[in-house]
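Okay, handing you the structure first.
Just so it is clear, A, B and C label the chains in written order, and each chain counts residues from 1 on its own.
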Amino acid sequence: MTLSPSAQLQLTEAGELRHFLTIDGLPKPLLERIIDTANSFVVVGNQEVKKVPLLRGKTVVNLFFENSTRTRSTFELAAKRLSADVLNLDINTSATSKGESLLDTLRNLHAMHSDMFVVRHKQSGAPHFIAEQVTPDVAIINAGDGRHAHPTQAMLDMLTIHRHKGAFDQLKVAIVGDILHSRVARDQIHALTTLGCQDIRLVGPNTLLPPHVSSLGVTTHSNLDRALQDVDIIIMLRLQTERMDSAFLPSADEYYQAYGLTRQRLLKAKPDAIVMHPGPINRGIEIESEVADGKQSLILNQVGYGIAIRMAVMSMSMSGQMQQRQNSEGKQ
Amino acid sequence: MTLSPSAQLQLTEAGELRHFLTIDGLPKPLLERIIDTANSFVVVGNQEVKKVPLLRGKTVVNLFFENSTRTRSTFELAAKRLSADVLNLDINTSATSKGESLLDTLRNLHAMHSDMFVVRHKQSGAPHFIAEQVTPDVAIINAGDGRHAHPTQAMLDMLTIHRHKGAFDQLKVAIVGDILHSRVARDQIHALTTLGCQDIRLVGPNTLLPPHVSSLGVTTHSNLDRALQDVDIIIMLRLQTERMDSAFLPSADEYYQAYGLTRQRLLKAKPDAIVMHPGPINRGIEIESEVADGKQSLILNQVGYGIAIRMAVMSMSMSGQMQQRQNSEGKQ
Amino acid sequence: MTLSPSAQLQLTEAGELRHFLTIDGLPKPLLERIIDTANSFVVVGNQEVKKVPLLRGKTVVNLFFENSTRTRSTFELAAKRLSADVLNLDINTSATSKGESLLDTLRNLHAMHSDMFVVRHKQSGAPHFIAEQVTPDVAIINAGDGRHAHPTQAMLDMLTIHRHKGAFDQLKVAIVGDILHSRVARDQIHALTTLGCQDIRLVGPNTLLPPHVSSLGVTTHSNLDRALQDVDIIIMLRLQTERMDSAFLPSADEYYQAYGLTRQRLLKAKPDAIVMHPGPINRGIEIESEVADGKQSLILNQVGYGIAIRMAVMSMSMSGQMQQRQNSEGKQ
């Protein structure tokens, strides 16, 4: 099997995860192993002592070039529960202000024997660039890069589906919102397709749908009521309200009329359909409060699963990266 | 014995602490147990290894809606010495800026399996509301809410008195300053009264005294020299200098003339009277430097006792909260 | 042997380190012991578990009165790898804004049973003042004070030289840049002289050289090409570009023409000469990129050695401070 360049970058020669940058190109057994590993960490989250020693003595640096307290908190907790030492760096306000280039900052952090960078960046591809060019022997975890990817978010959605619905191949999934600009949606489609899902419905105004959809089993819809017919899973995307003024989008009211998930609309889906959302939710814009807080909603469960998924990719990448380093040393 | 609603909220069915919100309504044996537990942590603070494993694997979130580096530092140190994982969140600058409601932020933190929130808020009653409505199975510790309460500060004062003067029932205590607006004074009066103190003198300008004092043994005074006569304990309140411009207050000079604790005035009290202050002190406004640094002053001792008290209420609340959770699960 | 007042302040009665404020006055065997101890921590940095329990249960406060994310990060990592509990305080934005004096802030931190302050301050002598007057039984580590000293930076340079060149007595060393205003250069000269180096060449424009150089074996030079003749070690100083506008300095271009370390100039030195720089580097101003990234450059190695040196002085000072405390208690 030939791997895509992106998959090659993320995997060791033995096929183990060593970076976690995008779901695009990762093989199905690896995604399944991430879900299995995360499942064991869900158990840890419910224990009295929520701590395992897998990253003890390792240094994890949260490199946030873009502010996101919420995402940083989940990575920080995940790292601490793995017993790592954590360093939080907000790059806007630090070294680079002394005129140091980004590359030099990264090389310095590497030289401090950092083992992992959790990278959040406005620019698509920044984590790839770091993993490929700058510090290939530090494990890089993508915590969101521009419009490109947010793979731990997509994988926590897969964990949620797996725990509540089991096998993916018979499931009908609707993804609703601004598909075109969503970094999460890209990864969700890759993950669902790889895991065997055969009916993925992308739903939104035509201006917010991707112009051509190539993957088998993926369809686009601009009528939400029809698209929800008989689905098992509804994944609502967060509407970037800062984009609301743009010509692409109707007003919040019009959007809610056409694409808000209301109790009424939820009835179109299967009676046991589950509702997901990455948070933070815009109540009354993309979802009705009663649905968000209702018994079909798994929105809060997803938060806990997010910690478990982050613990899984962090421990797996670290383990792969350590093996890779040992192999490289053996060869020299 | 019927408990007040506030006491019921703070206690488990077995009468153990599960939140620590206010001293109002807490029974005497519980206050005594907090003091005893804190006493054992004072010993820990003097050891070479200042660490106990009581909160290992627990997640404590410092939720500061109002900035207070000093208070946050003491809670952060207390939590770390109990071996907890600590997450500091300054709520002004984080999730809520993305338009998420406070309730959703709290539910999210809860879903991350946080075990305890240390809450500082400008609005009176905020920690109660969180404990009652939002996340009742997370232990809530009040780190100061508006003008309402600052119960760990009051309890560290009780610990100070207990360690240096023993039993409360024969003690004469003067509390001096802006009683009316002090969140600490409220809790101090509750604690002293509950612990058996029978002579509590509230001292300040008439405009800063509560209009009617109902508790037995509590009296109000506007002449400091007379009020200090024969007292064992002098508790100075911090003057909010930002309130100095208001019509309620005289100038700093006039205030110091009438209510500043000078060496001269201290002579009115018993020769072995102790002087306390929550800090930070305004030298030359509410207290003379020589008194603040003198041998009757326990101001710096109080800081260390503050860590011990915080360790005590954190470990006791966590233990009560865990029991409550287990009981609830048993019943379901 | 009589010790200088500064050395007396830093050492216990038994001659062990208890503060680390400046290299000036420290005896040669102690500097050698710091290097030896740091060498053992370099090994720790390469281990899978980069953690030793030497400071377990100790509280280290990073007291930064001046922002320096880079320096703070190295101390934070060093402390965490020694298993200490770390509290980061940015003093500008905290307690002092409530009108508390610096002295009261420090006394409060001391009263919280802090064991060590890592102090960064704009004002020369601030760490000395704290060690001498304010909190003598807290170990004080100088992380840079004004133009005075930055001793961990100088010692990491000594560690670098020792690891890559061995004994100091036969080495020829050039220090290049704004010697006059560099806090690092002062300490480097003290350290090199103490460790036996007999040929130290200070190189820079006449306006940036110290007016008279008293130490044996130290010479000043304004021609870089001639000064580099036959040297083993080239230490480039960072040019404070914020000072570029001043009358003391030529333009960046002119500076680079006269004092930039280019490949061409590097040929004047010995073929195995090593190039050092404290970072962050100004590429094309004080050093050519090809030299900074070339095989004679140890600039990135220095970063890792910096963690090791900080671990060494932190663990040695703590140990000395604990002994001193025990002796004081024994005498009382």
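As a convention for this text, contacts are C-beta pairs under 8 Å (C-beta built on N, C-alpha and C of every residue); 3 or more make two chains touch, one makes a residue touch a chain.
The model shown is predicted, which means the values in this text are computed figures rather than measured ones.
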**Asked** Can you list every chain in contact with both chain A and chain B?
**Response** C
**Message:** Can you check whether chain A and chain C touch via the same residue numbers (shared by over half) or via different ones?
**Reply:** different
**Request:** Calculate how many whole Å lie between the centre of chain A and the centre of chain C, each centre taken as the average of the chain's C-alpha atoms.
**Result:** 42
**Request:** Between chain B and chain C, tell me the centre distance in angstrom, where each centre is the average of that chain's C-alpha atoms.
**Result:** 42
**Asked** What positions in chain B touch 2 or more of the other chains?
**Response** none
**Request:** Could you please specify the touching residues of chain A with respect to chain B in the complex?
**Result:** 45-51, 69-70, 73-74, 76-77, 80-81, 241, 279-283, 300-304, 306-307
**Prompt:** Can you list the residues on chain C that touch chain B in the complex?
**Reply:** 56-59, 85, 87, 89, 93-95, 98-101, 104-105, 107-113, 322
